[in-house]
Every structure is written in C-alpha cells, then in structure tokens.
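The letters A, B and C name the chains in turn, as written, and every chain counts its residues from 1.
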Amino acid sequence: MNMSGFERGMINPSAMISPNAVIGQNVTIGAHTIIYDNVHIGDNSIIGPHCILGEPAAEYYSQMDYQNPPLSISERAIIRSGSIIYSGSVIGPDFETGHRVCVREKTKIGKNCRIGTLSDIQGDCILGDYVRIHGNVQVGQKSKIGNFVWVYPYTVLTNDPYPPSNIIMGVEIGDYSVIATKSVLLPGIKIGKDSLVGAMSLVRHDVPDETVVIGNPAKNLGSIHHIFNTQPGMEGNQMYPWREHFERGMPWQGIGYQQWKLMLQKKDHNV
Amino acid sequence: MNMSGFERGMINPSAMISPNAVIGQNVTIGAHTIIYDNVHIGDNSIIGPHCILGEPAAEYYSQMDYQNPPLSISERAIIRSGSIIYSGSVIGPDFETGHRVCVREKTKIGKNCRIGTLSDIQGDCILGDYVRIHGNVQVGQKSKIGNFVWVYPYTVLTNDPYPPSNIIMGVEIGDYSVIATKSVLLPGIKIGKDSLVGAMSLVRHDVPDETVVIGNPAKNLGSIHHIFNTQPGMEGNQMYPWREHFERGMPWQGIGYQQWKLMLQKKDHNV
Amino acid sequence: MNMSGFERGMINPSAMISPNAVIGQNVTIGAHTIIYDNVHIGDNSIIGPHCILGEPAAEYYSQMDYQNPPLSISERAIIRSGSIIYSGSVIGPDFETGHRVCVREKTKIGKNCRIGTLSDIQGDCILGDYVRIHGNVQVGQKSKIGNFVWVYPYTVLTNDPYPPSNIIMGVEIGDYSVIATKSVLLPGIKIGKDSLVGAMSLVRHDVPDETVVIGNPAKNLGSIHHIFNTQPGMEGNQMYPWREHFERGMPWQGIGYQQWKLMLQKKDHNV
C-alpha cells in the first residue's frame, strides 16, 4: 500500500510547478509545494508538502526585470515538508533535510549533507561533504564548513564583529570537528580539524586542531584524545576523534574509518 | 458571525484527508491541512491550516512496503497552523499547540498538555499530564517528563553524551519542576520534583527535589523555599513550589492546590 | 519575464481571502495564503505564499460569537512566506519580514521595521520605527522596543520573574541600542539608549545609556565609546554608537546621521 496523498513517484496535483523548472525522473512532490522558475531537481528525489524551491532573492522585490538564477538540487534528495530553498544555490547528491529548513542563495553544499528541522543557512556559504547540521542551527553568511562536520542544535555561526556594521567575517570549521548544542562562534573564528566545542560555549578565539574548548567564554581544555567514556561497560574508551568509532551514515560504514581511508589512498594511488 | 475560511465544525475543502483516516464528530480542519493514513482525531478538535498529521516516519523513504503506524489524537485538541505530528504517537485529551510544532513518532503525551510555537518533540518521548512546554523547546529522544512540568523557551533536552555516538541517554524531569528559558540539560540528567533550573543554565549534574540551580555550568543555590517575591506589595511571598499560588489552567483552578489534593485523596480512599 | 506563480500585482488563485478583508491597490499575494476577516492590507504590498494574516486570537477557541478584531498592515509591506500575523495589531508602512515570522495580537509596530525568519513577537508589544529584529528572536508580551533598535538571533525578551506566575513585567529597550546574538533579558529589565549587550549575555540588571555589558551573568564593561575596530585598515575606529558609521536602510543613508539630525531639527524649527 502506498501513502495516500504522498504516493512515491507522483507529483501531487495541488503542487504548483513553474513551466521553467526541470524535474528529473521518478521524483515525488507533496501537496501545495511551489517550485519556481529555473529549479532543477535530480532523479529519484522526494520533496515533501508545503515546500518552496527556487525562492526569489531580495532583488525580486526591487527589480522589475528580476529573473530567478538557477537552483540545482542533485539526485536522491529528501526534502521534508515546509522547507524553503532559494534560487541561486548548488546542492550535491543525497541531500536530506528536516522540516522547515531554509537554505538561501549563493550556497554550495557538497554530497550527502543533512540539515535538521528549522535550521537556516543564510546564504553565500560553503558546506563540504557529509556535513550533519542538526535542528535550529543558524549558519551566517560567508561561513565555510569542511567535510564530516557536526553542528548541534541552536548553534549560531555569526559574521558581524561590530553589529551592525558593513564588515562580514565568516566562520570556518575544519573537517571532522563537532560543535555541540547552543554554542556561538564569533565572527571570523577558525575551528581546526577534529576539534570539539562543548555545549553552550561562546567561542572568541580560534581553536587549534584536535582541541576541546568549552564555556562562556570558551576555555581550552586540551586534547580531544583525553576524553574517555565513563559509561558502564565502556569505561576508558577514547571517544574522539569520533570517526574512529562512529559509522552510521558515513562512507566507512561497515568497514571502519581506517580501512576506508586505506582504500581511498589505494584508489588515489592507482589513478 | 463565523470566521470566513475557518468555520467551526467544518472541514475546509482544500484540506486533503486520507480515506484511511478517522475524523471524530464536530472536528474543524483548516485550509491546506494534510491528514495521512491511519490518523484518528477525537471529537470536538480544531486543527488549524497548513498542518500535517500522520507524517510518515523515516522508514517511508527506504521501505517500499511502508505503512503508516496509527496516530491517535484524543478529543478537544487545538492544533494551531503549520504543526506536524508524526504517525506512531498517542496524545491525550485537551492537547493544545502553538504554530509549527513538531511531534515525532513513538511519543506518548498525557492529558491537557500544551506545546508552544516551533517546539520539537523529537520522538520516543514520554510527557505526563498538564505539561507546559513553551516555544522553541527541543525535547530530545528518550526524554521523560513528569506531570505539571514547565519548560521555557529555547531549552534543549539533549541525549548524546559524546556527540556523535550511538549512546542515547534521555533526560528525566520530575513532577512540578520548572526549567527556565534557554537552559541545556545534558544527556541522562535527572531533575527531581518541585525543582527550578534558572535561565541560561547548563545542567551537568542531577538536581535533587525542591532545589534551585543556575549558571553555566549550573550551581546549586539551595532550597526553592528560599525564593521570595521582591515585587512591591508582594514582598516576602514564597514563590515556590509554584503550585501553591498559581492556578491558571490547572485542575486546582478555583480551589487551590491543597484543597484539590485533599479531594483527590478522599476520592482515592472512597474507591 | 515575471516569476511564474508569484507574478507582481497578482493574487494567486489558490489564496483564500475573506470577503471581509480589504486589499489595497497593486498587492501581490502568493499561493495558499489565507487572509481572514477584518484584515486591511496597504497598497503595493507583497505577501508571500503559505502566510496567514488575521490569525484569530485565543478567544476564537472558546467564544462562539468571536469576531476578528482588525489587523492593519500599511503600504509597501513585504511579508515572506509562511508568516502568521494575528488579528488585532497595527503595523506601520514599509514593514518587512523573513519567512515564518509570527506577530501576535495587540501589537503596535512603527514604520520601516524588519523582523527576521522565525522570530516571534508574542503580543501586546510596542516596537518603534526602524527596528531590526533578526531571526529566531522571541519578544515576550509587554515588551517595549524603541526606535532604531537591533536585536540579534535567538535573543529572548522574557517577562515572568517567577515562572509560572501571574506577574508580567515587560522588558524595555532604548533607542539605538543593540542586543547581540543569544542574549536573555530578564523580566522588567530596562536597557538604556545607545547601549550594547554582548553575545550570550544573561542581563539581570538595568543597563544605563551608552553602556556595554556582556557575560552570564552580564557584567558592565563601561562605555560604548571605548570599543575600537581591530580590523586591518580600520584600526582604532570607534564602532559605537553605530549610527555614526552605519547607514544601510536607515533614513540617514547617503547623508550621515549628523546631517540627518540637523535636517530634522531644522524641519521641526520651521514648523
């Protein structure tokens, strides 16, 4: 039995799709979703109800000859209900969102990224591959997020050092780093690779690779290698870098990070 | 005069309702709302526009034979516009939400609960009776919230002690406790009964009954009985436990908590 | 070329508009938007899709003879998709919102105000002119915000000193003040004019004019005049009061604040 009202591979009759949009093969589109001019959706994608794809940029409101720049969403996207994706962005394959996500213009998102319910990517951002952004995160303009980065709920990547000013200094987060719940990264802050920002931190200084910081203001607690599990039965296990023990949804699922890396190196060597 | 477009007891013609949903007597359903398979809505409920009830769980996207588990919403619900309630949950009578609330699967909600605008109950949670969750709260999976608990805006109940990991440790909050604005409760934390977590606290340790904690990290300030009103004309009044002086919407409204408790005890004794 | 589905000056046929609403000249209304009884929309406004204007107040759910009080939105509003504005408020000209903003009843908003995506004005509030509220801000009931005030993301203006209680003490913010990201202003707090609250502050005491506070709890750091730019090429520039160097979207754009103020004084003098 198929879901009544959200049948796979079907475009709900109440969806409104611009004649200037290009919809791939076997795409599902939910009720009341709006797809504006110049949107391209890859094959086998599922778009929930009440979404808006190709939302016009600010110029729509002031320029009478405004035309939507292209929005490209690659194959196998799962975009849950109520999400709004602006025109003028490029999104890689296997993209997945929660509900009511907003992604603004001039954003480049790599492959296999997930963005949680109510999060807001404010435009002119770069996200690498396998980025995991949980719900209610605000990623300010000009942010650069590496590969395999995790950002937990209600975190804010800011960009204006003297609000309000005309200076925009985006935050940068290195590969494999983790920003825990409700942290604020101040404008222009650089977080290294494999680092960890603890919950509710206000990060005012750059964070080196493989480093833990926490607090308001955040203090350097040393190396991530000194974080050990305290759960019964797992006491003493090193918990970071997380890629050594966490596999779900990652390209090394089933083989482990080290094996995957070896395979990648071998592949690169052969080519 | 009745509201044009949201007439009581009417199902707006633009709503899309699965033939496999069961709608009670005298239910109002607003425009563009979607009700999927296997949703049961109790009598005299009012569902606002742009809602989705019976949202499919994650398995919908991977299993071709997916069927929606039942969602049961009891009588007299008021669900405001844009709210999304997943299939596979059970919600007691007199449930009320703000706008754009999200309640995910496998959640059990007692009677007379209210959840504010944009709050997100992330699934596999238990809420008691008369719980008041204000707006923008995130209740992580496996959370257990007692009866008469208040949770204020932007509070997060977390569950992963070493993000990202495969460990899920839900937070527990005891009856009558209050979590003030923008607090974070770390994974597995237990808050006792009648306790108070002050605004913007990061709670890292369990909180005993009748105890105030506040700060980042939270510190124990002692007994809730030592919090006195400083407002002119009310100086020196004990403000906690709040149930002794606050009645609005509570089952003891008009008679006071002590009288209500005596009546309950008498009733139990007679039965 | 015009945007297919969001043509300027057109009311999308899927919008539902009460016969008791008054729509001005050259108003654009997007798909699936609902406009209830007694809403007045000024000329040349653009209302995005999926909006609700004239949302009924709480009394709708309990009073069978409920009638919507008027909602007045002045000319040239830009209200982005998914926004909900309650009946019973008055909004000045050139109002602009992000997506999914919520403005509740009995609120008075001056001219040229902007409210960002997902922010929630909880009713019975006063906002002056040229107020800039970024995304995900929660403005509690009874708040009073002056002119030219900036409030950054995830900030909360609270109002209940002993939650839950029946006391409501709104926050007041003076002209030209700035509240940075993720701050909490406790109930009844008064922020003076030209002041600055730093990111992630918990403000427990009133803040005098021209004063910087920061921290959890917030500490007084002294005068705003001692904040100097540290960016290369701009070292030593005084950054506050911001009105001396920031002009975008302000009435002094192109002439500077001082010149604008002189013009105003001259105008007042002549009248």
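Throughout what follows, contacts are C-beta pairs under 8 Å (C-beta built on N, C-alpha and C of every residue); 3 or more make two chains touch, one makes a residue touch a chain.
Please read all numbers here as calculations on a predicted model, not as lab measurements.
Peer 1: Through what angle, to the nearest 5 degrees, does subunit A rotate to match subunit C on its C-alpha atoms?
Peer 2: 120
Peer 1: Quick one: compare the interface residues of subunit A with those of subunit B and tell me same or different, with half as the dividing line.
Peer 2: Looking at both copies, the contact residues mostly diverge.
Peer 1: Could you tell me the distance, in whole angstrom, between the mean C-alpha positions of subunit A and subunit B?
Peer 2: Chain centroid spacing, subunit A to subunit B, equals 28 Å.
Peer 1: Find every residue in subunit B that makes contact with two or more other chains and list them.
Peer 2: Those would be 14, 32, 50, 82, 100, 118, 136, 154, 182, 216.
Peer 1: Of all residues in subunit A, which touch subunit C in the complex?
Peer 2: 14, 16, 18-20, 32, 34, 36-37, 50, 52, 55-56, 60-61, 64-68, 82, 84, 100, 102, 118, 120, 136, 138, 154, 156, 158, 161-167, 182, 184, 186, 202, 216
Peer 1: Residue numbers of subunit C touching subunit A in their complex, please.
Peer 2: 1, 3-6, 8, 14, 30-32, 46, 49-50, 78, 81-82, 99-100, 117-118, 132, 135-136, 150, 152-154, 178, 180-182, 199-200, 215-216, 227, 229, 231, 234, 239-240, 242, 245-246, 248
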